[in-house]
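Several structures are given next for inspection.
Next, two complexes with chain A in common: one pairs it with chain B, the other with chain C.
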Partner chain A sequence: MIEANTPLLRKVRYFWPLIVLCLGLLIIVAIVDSTGDIILAQTLVEGLVRIVIVVAIYMFVGNSGIISFGHIGFVLIGAYATAWQTCCPYTREMFMPGLPTYLLNNSHHFVLAIFLGGVLAAVVALIAGFAIMRLTGIAASIGTFAFMMVFYSAYLRWSTWTSGASSVIGLPTTTTPWVGYAYAVVTITAAFLFTRSKWGLALRSSRDDEVAAKASGVNVFGQRLLAFVISAFFCGMAGGLFGHFLGMLTVDSFYLGMTFITLSMLVVGGMQSLAGAVIGVVVISVVIDVLRRLETGIGGFSIPSSSAEVGVGLILLLILILRSSGITGNAEIYWPFKRDVSSEGALRRQS
Partner chain B sequence: MLLDVDNITVHYGRLAALRGISVTVEEGEIVCVVGPNGAGKSTTLLAISGVLHPTDGAVTFDGKNIAGMSPEAVARAGISQVPEGRHVFTTLNVEENLRIGTRMRKDRAEIEKDYKRVLELFPVLAERRRQPAGKLSGGEQQMLVIGRALLTSPRIMTIDEPSLGLAPNLVDRVYEVLLELRRNRGLTLLIVEQSSERALKAADRLYVLRSGEIQLEGKAADLQDGKRVRQAYFGFEEGVTHEGEVDF
Partner chain C sequence: MTVDASQGTNAPGADNGMVLEARDVTVRFEGLTAVDSVNETLHRREILGLIGPNGAGKTTLVNAMTGFQRPTAGHVRLGSRVISSLTPHWIRRHGVARTFQAGRLFRDMPVSENIEVAAVSLGMSRKKAHAHAMELLEWIGLADRAALPAGILPYTDERRVGIARALAQKPQFVLLDEPAAGMSDLECDDIMHVVREIPKQFGCGVLLIEHNMRVIMGVCERIHVLDSGKTISRGTPAEVQKDPVVIKAYLGHE
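Coming up: the complex of A and B.
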């Protein structure tokens, strides 16, 4: 029997929801890595990048209660910003002739490029959020959607920087399973710490009751804007990861399809929980993978193409009807052992 | 004078909900605003707390004009608000609800003491510290909201209908706590109340509000027979209706 109240154990208990998620993913990555199956590894990396996206969306949506249809816009911004710094040094001028001289002649390291991609997304979020975060409820959601439309259309026409409707090809494929895992862990940790921080707490209070939050001195607009910017930063980094996973970029891949898949993952897992965000990605990714394999046919049996999208849609509907708080029921994965309930300990933790 | 609401008018669209009302609260006082449904009681509190902005008149708190400030700025200035209808944060647990109350403060040591005091004041909250506030009973939620407001360390607390939807014994308990807080900590209170009987028992002074105008104001001690209050409250002479039909 372990001593019930050592400082170490208390820390473990506090970080338990985080530890479980990171260890769970570690096991999945290690197993897939050891099989050496290339197709499976592709699915895994895509899943890990989606974890970064969905957890980033959770930071804003889960804590503020405002559904965002626009976060894929930040993924788009981050993806191209990274490509400007890393893509195809010899053909960059051909794909994106409008870039400034510095970017045409210099390449940044993958990690720095991804970080700067996140920063650009965050700066855009700060400016856009300054207007959108003044809205509440469905108006804010529609506002985020309008934001994405603007950036999608602009990037599609801005061919000197983005190659427009055609693709940018030749990004180094540096997003390996372990790189993806590292970014997933960083994002999950950031989301965990943010949710439990005083800012996260204030934001969650405004999600429950905006009037009372304001009456308690919470600057609801400011808290929402902060969360919007942080989540945009991680979405932007996810965009960079995604480009370096596929090795190419098209504006079209960052639009309604990706919005639908990522939001489905969040809703299916449980919108207000970090565990829900991660589990939603894992479950939907597995379902999509199985359906894709069936589409191409296994042992003479095959199902019609596009069945994967249909399957995801049906699962989303079922969850909404039968269990609207998602697989996790909006709960985190709590310490499974008996918790110490002495008021002494609780009061000390307060300080 | 701690709070001075001077001749304010508040409109909902073109409709005037308050027509030039004045209310003052001295430091350490308990002031009640009573009146029937739709009299403008809640509107008065909303105008003080910055949710609504008066179209005319001034709201002065501790010498500063606060009319036109945002709700969170008013809260930061030291007016804590307990809005009508037990606004707890349902998915946050009791402890987190209380911590929201302390987030404007920097005095860590004092926060700790106040936190303990609130738990002593409401032992049931200490027991249910880890439970989501949405799972508490109505009375417990009202205690929680008051506890949260106390933790903002307010100069004055405004409460909208603390008795709304609570069983009579719970209402007694809420008022006991409020009076105790004034006695022990000199808390200044501005309470909106529908029951003039409760108000007469608890308040130092009271205002009777009807149709957006102050009908009567005075020391509770001078109004104890209740006749003038009832007349102001309903707007007609007593005896026109049968005694007993009117339930306060």
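Coming up: the complex of A and C.
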């Protein structure tokens, strides 16, 4: 048995849930990378981008307890903001003639472009959140949904900047499995640190009891807004990653379908746990992939198209009925070794 | 003596002359006057009892004094500063804390984090907040429950954690809403001991709402009696107990 009584081991124990998640993903990425299977690699990258989205949504939803139907709006904002900076230098004016001269004539490195996409999403979240975060419970959730509808409709009509209902084609496909992995790790780490920070703690208290949180000095509105902005930032970056994975963008791909899939992943995994967010993405992605392959037919056997959505819907229902706290039961990955006796004793002596 | 309330409670040697006062506080809900021109001044290091039959307006008065209910008329002052227009979390940060009848713990969190929430919101780092929470739990006798989820505590312990949470970062005033409700005599003795210790240990003024007369008579120096939102009597426990108006209010309702 290992006792975590050296400073290093104590650190390892503290970061254990994070280490396990990142190592687990590392193993998956390494295995897929070594097979050289291109189709499998695409599924993997899509999964990694979804991890960024779902973990970002977890930061807000898991800690605040307010379900958001609007975060895909931030993915949309980030995706197009990135495309303005990186897409198709020679045909950019054809797709998006309304862009300001600077954007028409200059391209940014995709890392910077993705970062700025996240920043724009965060700025929009700050403004929208200023109104929406004053609401509570179901009103706040519906507010986020209205927010997404506004941006979806606006981007669909804003054709000089977004190409409207048609696609923007020609983004460099720079989101490789390892790039996706790097962003997933950064996002998971941010979510882990946020959850354990004083802001995460204060926000979770408002999830349990808003009145008692206020009586304990928690600025509930401020904490919600902070989490909303941070999670919008990572959703925005996920949008950029998504564009650079597909190589093209359509407004329609950031709508109810994506909202449904990502929220299903979060609920199936366990809404109030970081491990749940990651595991939910992995499980649902595998299910979707298997069903999609069956839809196209394997060895003469095939199932009707759209079976993937039906399958996810059924799994979501089963989880809600049988285990509403998700696969992880809202728990994090725990330290598998003997509990640290010495430091607990020290804690008692201290007080 | 004038004191700048914005300095907050945590300044070492915060002024003992600071008072929390309700001036002509009135709270009206559509036609019903729940609190009717109530005046009271709570000093630091004293224990003031607030009693009255059910529906007398005790909790509404506490709500008005902690920002959960905006007074329809009148105001609440902390020192020279009017606080009745502030939001609850600011009032807590200025040093007026409260507990709730139902406990209202953060049920999904460990007991220690329930207190840490208040400590970090009042400016401590997480590490310091944890040490502070353990100190308070030690003081109130629940240090061995620190890691348990708050939702599984028996309600007697729940109340005590609620009191510890209200005492995080040494508020100047703490308003306790029926901490002994439903407790046995033995458990009441425990709570009485805790309440008596609060002014001594933390230097704060205590306003105690309680139905249990043994607790009220046992710990309070002064008592304020409300009935139908109005002040009907004030004085020492002995005076109030003999007051015919008080006796009538209680007998009339029971």
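Operating definition for what follows: the second predicted complex is superposed on the first by the 337 of 351 C-alpha atoms of A that agree within 3 Å, B and C clash if a C-alpha of one lies under 4 Å from a C-alpha of the other, contacts with A are read in each partner's own complex, and residues count from 1 in each chain.
Please note the rule applied: a residue touches a chain if its C-beta (ideal position, glycine included) is under 8 Å from a C-beta of that chain, and two chains touch if they have at least 3 such contacts.
Just so it is clear, the model here is predicted, and its values are computed rather than measured.
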Next on the checklist: What does the overlay on chain A give for chain B and chain C, a clash or a fit?
Outcome noted: clash
Next on the checklist: For A:209, using the defined touch cut-off, is the partner it touches chain B, chain C, both, or neither? Pick first, second, both or neither.
Outcome noted: both
Checklist entry - So, A:37: does it touch chain B (first), chain C (second), both, or neither? => result neither
Checklist entry - Taking the superposition as given, does A:197 touch the first partner, chain B, the second, chain C, both, or neither? => result second
Checklist entry - Which holds for A:217: it touches chain B only (first), chain C only (second), both, or neither? => result both
Item to check | Intersection of the chain A residues that touch chain B with those that touch chain C | outcome: 198, 201-202, 204-205, 207-209, 211-220, 272, 347, 350-351
Item to check | Residue ranges of chain A in contact with chain B within the complex | outcome: 198, 201-202, 204-205, 207-209, 211-220, 272, 330, 341, 343, 346-347, 350-351
Checklist entry - In the complex formed with chain A, which residues of chain B make contact? => result 49, 51, 70-72, 75-76, 80-83, 87-92, 95-97, 99-101, 103-104, 108, 112, 115-116, 126, 129-130, 145, 148-149, 152
Next on the checklist: Under the stated contact criterion, what part of chain A meets chain C in this complex?
Outcome noted: 196-198, 201-202, 204-205, 207-209, 211-220, 272, 347-348, 350-351
Checklist entry - For chain C, which residues are in contact with chain A within the complex? => result 66-68, 87-89, 92-93, 97-98, 100, 104-109, 113-114, 116-118, 120-122, 124-126, 129, 131, 134-135, 137-138, 143, 165-166, 168
